[in-house]
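Provided herewith is a single structure, encoded as C-alpha cells, for subsequent inquiry.
So that you can tell them apart, the chains are marked A, B and C in the order they are listed, and the count of residues begins at 1 in each.
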Amino acid sequence: MNPSSSTTADGVLPAHDAHDAHGADHAHPSYLVDGTTIKSWLLTVDHKRIALMYLVWILLFFLVGGIFAMAIRLEMLTPGPTIMDAMTYNRTFTLHGMIMIFLFMIPAIPAVFGNFVLPLMLGAKDVAFPRLNLASLYIYLAGAFLALWGMLNGGLDTGWTFYTPYSTHTTTTVAPVLFGAFIIGFSSIATGLNFIVTIHTMRAPGITWFKLPLFVWALYATSCIQVLATPVIGLLMVIVTGEQLFHFGLFDPARGGDPVLFQHLFWFYSHPAVYIMVLPSFGVMSEVVATYSRKNLFGYRAIAYSSLGIAFVGFFVWGHHMFVSGQSTFDAGVFGVITMLVGVFTAIKVFNWVGTVYKGAVDFKTPFAYFCGFLFFTVFGGMTGIAVATTSLDVHWHDTYFVVAHFHFIMVGATVMAFLASIHYWFPKMFGRVYHEGWGLVAAVFIVLGFNATFIPQFLLGNYGMPRRYFEYPERYQALNVASTAGASLLAFGFVIISVYLTYALVYGRPSGKNPWRSKGYEWISDSPPPTHNFVGPQPTFSEEPHLYVDPKKAEVPNAV
Amino acid sequence: MQSSAHTAGATPGVPRLAAHFASLEVQNHAARLGMWLFLSTEILLFAGLFVCYGVYRYAYPEAFAEASRHLDLSLGTVNTVVLITSSLTAALAVHYAKEGKNSLVAIMFGLTIAMAGAFLVIKGFEYSHKFEEGALPGPYYTMEAVQLPGVPLYFTIYFLATGLHAFHVIIGMSVLVWLMFKAMREKNFGPNNYTAVELGSMYWHLVDLVWIFLFPLLYLI
Amino acid sequence: MSVANESSQEAHNMQEHHSSVRYWVVWGVLLALTGLTVWTGSIHIPQFGLALALLIASAKGGLVLLFFMHLVDHKGANRLVMAVSVLFVLMMLIMPMADLATRYRPANPAGSHLSDLPDLEFIEGKKSTHNRAGGGAHGSGQAAPGGQQAPSPSHP
C-alpha cells in the first residue's frame, strides 16, 4: 500500500518519497499534527483547520436544530397539545428554522468543505485571505451564540421569516436573535468574498476557468450570491430591530408603511439564500458522480454555466414567495415566469449527472448511495418547486404542508444528502482514514427511507389542506402526521448510526492512503491528510482536466465519452 | 481589509509578500478585487434604504416634496462640496503614494479627515435643527409646518439613510487616520507599495458615492 | 510559482501613472454638476425633475467610480463586480415599485397617492392626531386621549 503510487490525475510528485511504512510523512507532517497546542488551533490560519473547527460547530448546531425538529414532530403526533403549549410551539418552529437556516445550512458545505477543498482543487497553499477566514469563523460563532442565547431566553415566535408588523410588535426576544443573525451575515459575506478572490487569483498554472473542478464553479456561484444578497437582509434585520425598539413604522400600515415592502426586501435575500444552500450541494454531486462512475463528466460546460445561471436568475424570482401576500398580479406574473427558468438550469444538471452515470463503471460506495437519494429528492423537490411557482396552484398550497415538504425535499433531501456525501467522500482526505463501508450503506438506507417517510406524508397533508405553523389540527390529519413523525424517527436513527461509525473511524479507522477512491479530482493529488501547506515540493501542474478517466482522443470505442 | 504590510527596517517601498501568494502581483490583485467585492456589499446595503425611499416617495409624492423643502439646502450643498473635495484629496493621496511622496500622502489624508469632520459637524447642526423643529421619524414627529400623510416616513428614511451614511463616514475616517499615521511613521509607500492607500481611498470614495445619490434624492425633490 | 493570467493582466493595467491633473479636472466637473443639480432641483421641474436629478447623480457617480476609484484602469473582474451590483439594485428598485403601481388599490398604504382610502393619522383640515396613544401596541412619547384633537387656530 504505497501511498505515493500514482493512479491520480497528472501531478508532479516529489522526487524523494519521505513517507514511512504507515504513510506518514515526517518531513512534512499532516495539518492535523503540525502544532498540537490549543492556541495553534484557535489562532490557526490554515484553511483546513478552520474547516474542521467549522465542522464541529456546524454539526453541533445541526443537532440542536434537529432536536427542535423532533420536538415539532412529537407535538404533531396528536391533534391537540401533546408536549407543549401554543406559544412554545411557535417558538420551537421558529428556532428550528432559524438554527437550521442561518446556523447550519448557509455555512455548511461552503464553510466546511469549501474551505477544506477549494485551495487543494486550485493547487494553492491557502485561500486568498487566511486571517479573514479565521475571523469569519469567530464572527459566525459570536452571532450564533447571541442568536441562541436570545432563542433560549425568551425565544422568538415569529417564524424564521419574521414578517412585519407582527415581528415589530411581538414581545418575544426579537433583538438578540436578529442581531445574532445579522452578525452571522458578515461571516457569510467574508467567506464568499474570500472564495471569489481565491478562485480569480490563486489558480495554479494550467488551471484555466474551464478546467476548474465543478465544485469550484458551484462555490463561485454561491459566493457571488453570498456577497450580493446578504447585505440586504443584514440591513433589514437592523431596521426591524430598530422598529421593535422605536416603532418608527417603516412597515406599519397604521403609520402609512407597507408590510409587503418588508417582504420584498426579505425575500430579495432569502430566495437567493436557498441557492446558497443548494448550489454547493450540486457541486459536490458533480464531483461524487464522476468519481464513482469512473467516467468523465457529461456536459462539463453546461453544468458550469448552469451554476452561474441559477445564481443569476435566482435574484429575479423572489416574489414567488408573495403570491398571496397582496402583491400585484403583474409582479406575480413576472416572478412566476422567471422562476420557471431556474428549473431549466437545474434540469440541465440532472440530465448531465444521469448522462455521466450512464455506461459508467459504477462503484457503489456510500457517497454514491447518497447521490442516488439526492437525485430522486432533487427531481421531486424541484418539480414541486415548479408546481408551487405556478400562481394559480400556489393559492391553494401556500402556507400549507405542501410547501414545507417541498423545501425540505430540497434542503434536507438535496443539501443534507450532499453534506453527508461530502463527509463520506472527503473523510479520507480530511482524516487519512476510512470508515466502515457496510455501516455507511446501512445508514444511507435509513436516511433515505426515513426522509421519504417523513416528508411524503407532508405533501399529502398540504394537499389535503393542513396549514403550516399550526399548533392544532383536525382529527382527519392525524394519521399522516403520525406517519411523518415515525419517518422522522427513522431519519434521526440514521444520523445516530452515522455519528457512531464516523467517530469510530476517526479513532480506529484504517489508514486510507492518498486516494482510496482512485479519483481523478484535483484535490486527490495532495496527500491525505494534506500537510499544512497542501503540497510538498514544487507546485503540481495540472495538465489534464479534472476527472479525466477516459481521454477522448485515446478511447478505444469512438464516442465512449 | 488585507494589508500589504511593511515591516520596519525592510527596504523602503517594498511591501511584505504573504507566504500563500504566488507573487506581489497576485497579492495586489487579490487585495483590490477583495475591496471591490466589499464595496459591492456596501452598495447593496444602502440599496435597501433606497428601495424604501423609492416606494414611499412614489406613494407620497407631496409629503416627500414638502418635507424636502424643509431641509437646509445650503448646508446640504456645502456638505456635498466638502465630500467631493475630500474625495479629490483622497485620490491625490493615492497619486502621491504611487510617487513615494509620503509626507504629501499624510497631508492629503489629513485634509480628507478634516473635511470628513466638517461634514459630520454640519450634519450635526442639521440634526439638532430637526430635533428642535420636531421633524423626527414616525411617532415622534411633531413638526407643525408640514402635516401631510407620509411625512413621518420621509423623516424615518432621512434619519436611517443619513445615519447609516454618517456611520460609514466615521469608519472611513478611522481607516484614513490609520493610513495617515502609517504614512507619517513608516514613510514606506511607493510605486511598489501603495495598495493599502488605494484600498482605504476606495472606501472613502464609496462614502462619497452614496452621498452623491442621497443628496438630490433627499434635498432636491 | 507562476501566476494566473488575470493577475499579470491586472499588474499590466496598473502600470500606468498619470499626472494628477485628471483628478483636478474631474473635481471641477463634479462641482459643476453639483451646481447644475442644485439649480435644476430648486426650480422643481414637474415631470422630469427626478429623472434629471438621477441622470446628473449617475454622471457624478460614474466619474467618481471611473477616475477617482480607477475603474477606468482596473479592467476585468473588478468592473464586472460593479456592473452586476448596479443591475441587482435596479431590479430591487423596479419590482416593488411596479408592485405598488399595479396592486389592488385598497392594498396600498392608506392616505397615499396609490390608495383611495384616507390616512389613519393625518386627517385633512385638522391638526395631526399623530400623537394619540389609542390603538396598536406602539406607544409614543406624547400620549393624548384617543379621538380628541388639540385645538388649532385654523380649525374650522
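Everything that follows uses one rule, which is that a contact is a pair of C-beta atoms (placed from the backbone, for glycine too) under 8 Å apart; a residue touches a chain by one contact, two chains touch by 3 or more.
Only a predicted model underlies this, so the values are computations on that prediction, with no experimental measurement involved.
Counting contacting C-beta pairs between every two chains, the top pair is B-C. Chain closest to the overall centre, judged by the mean of its C-alpha atoms against the mean of all protein C-alpha atoms: A. Here the CA centre of chain A is 36 Å from the CA centre of chain B.
The distance from the centre of chain B to the centre of chain C, each centre being the mean of the chain's C-alpha atoms, comes to 15 Å. In chain A, 200-202, 228, 232, 247, 249, 255-258, 261, 264-265 are the positions where the chain touches two or more neighbouring chains simultaneously.
Residues of chain C in contact with two or more other chains: 1-2, 4, 6-7, 77, 84-85, 88, 92, 96, 100-101, 108-112, 119, 121, 138-140.
Shared contact sites, meaning residues of chain B that touch two or more other chains, fall at 22, 26, 29-30, 33, 37, 40, 44, 47-48, 51, 55, 59-60, 139, 149-150, 152. Residues of chain C touching chain B in their complex: 1-4, 6-8, 10-11, 14, 17, 20, 23-24, 26-27, 30-31, 34, 37-38, 41-42, 44, 49-50, 53-54, 56-57, 60-61, 64-65, 67-70, 74, 77-78, 81-82, 84-86, 88-89, 92-93, 96-97, 100-101, 108-115, 119, 121-122, 127-128, 130-131, 138-142.
Chain B contributes residues 22-23, 25-26, 28-30, 32-33, 36-37, 39-40, 43-44, 47-48, 50-51, 54-55, 58-62, 65, 73, 77, 80-81, 84-85, 87-88, 90-92, 94-95, 98-99, 139-142, 147-152, 191, 198, 201-202, 205-206, 208-209, 212-213, 215-217, 219-221 to its touches with chain C in the complex.
Within the complex formed with chain C, the chain A residues making contact are 169, 200-205, 224, 228, 232, 247, 249, 252-258, 260-261, 264-265, 268, 315-316, 318-319, 326-331, 334-335, 539. Across the complex, chain A is touched by residues 2, 19-22, 26, 29-30, 33-34, 37-38, 40-42, 44-45, 47-49, 51-52, 55-56, 59-60, 137-139, 149-150, 152-153, 156-157, 160, 164 of chain B. Against chain B, in their complex, chain A makes its touches with residues 124-132, 189, 192-194, 196-198, 200-202, 227-232, 234-236, 239, 242, 246-250, 255-258, 261, 264-265, 533.
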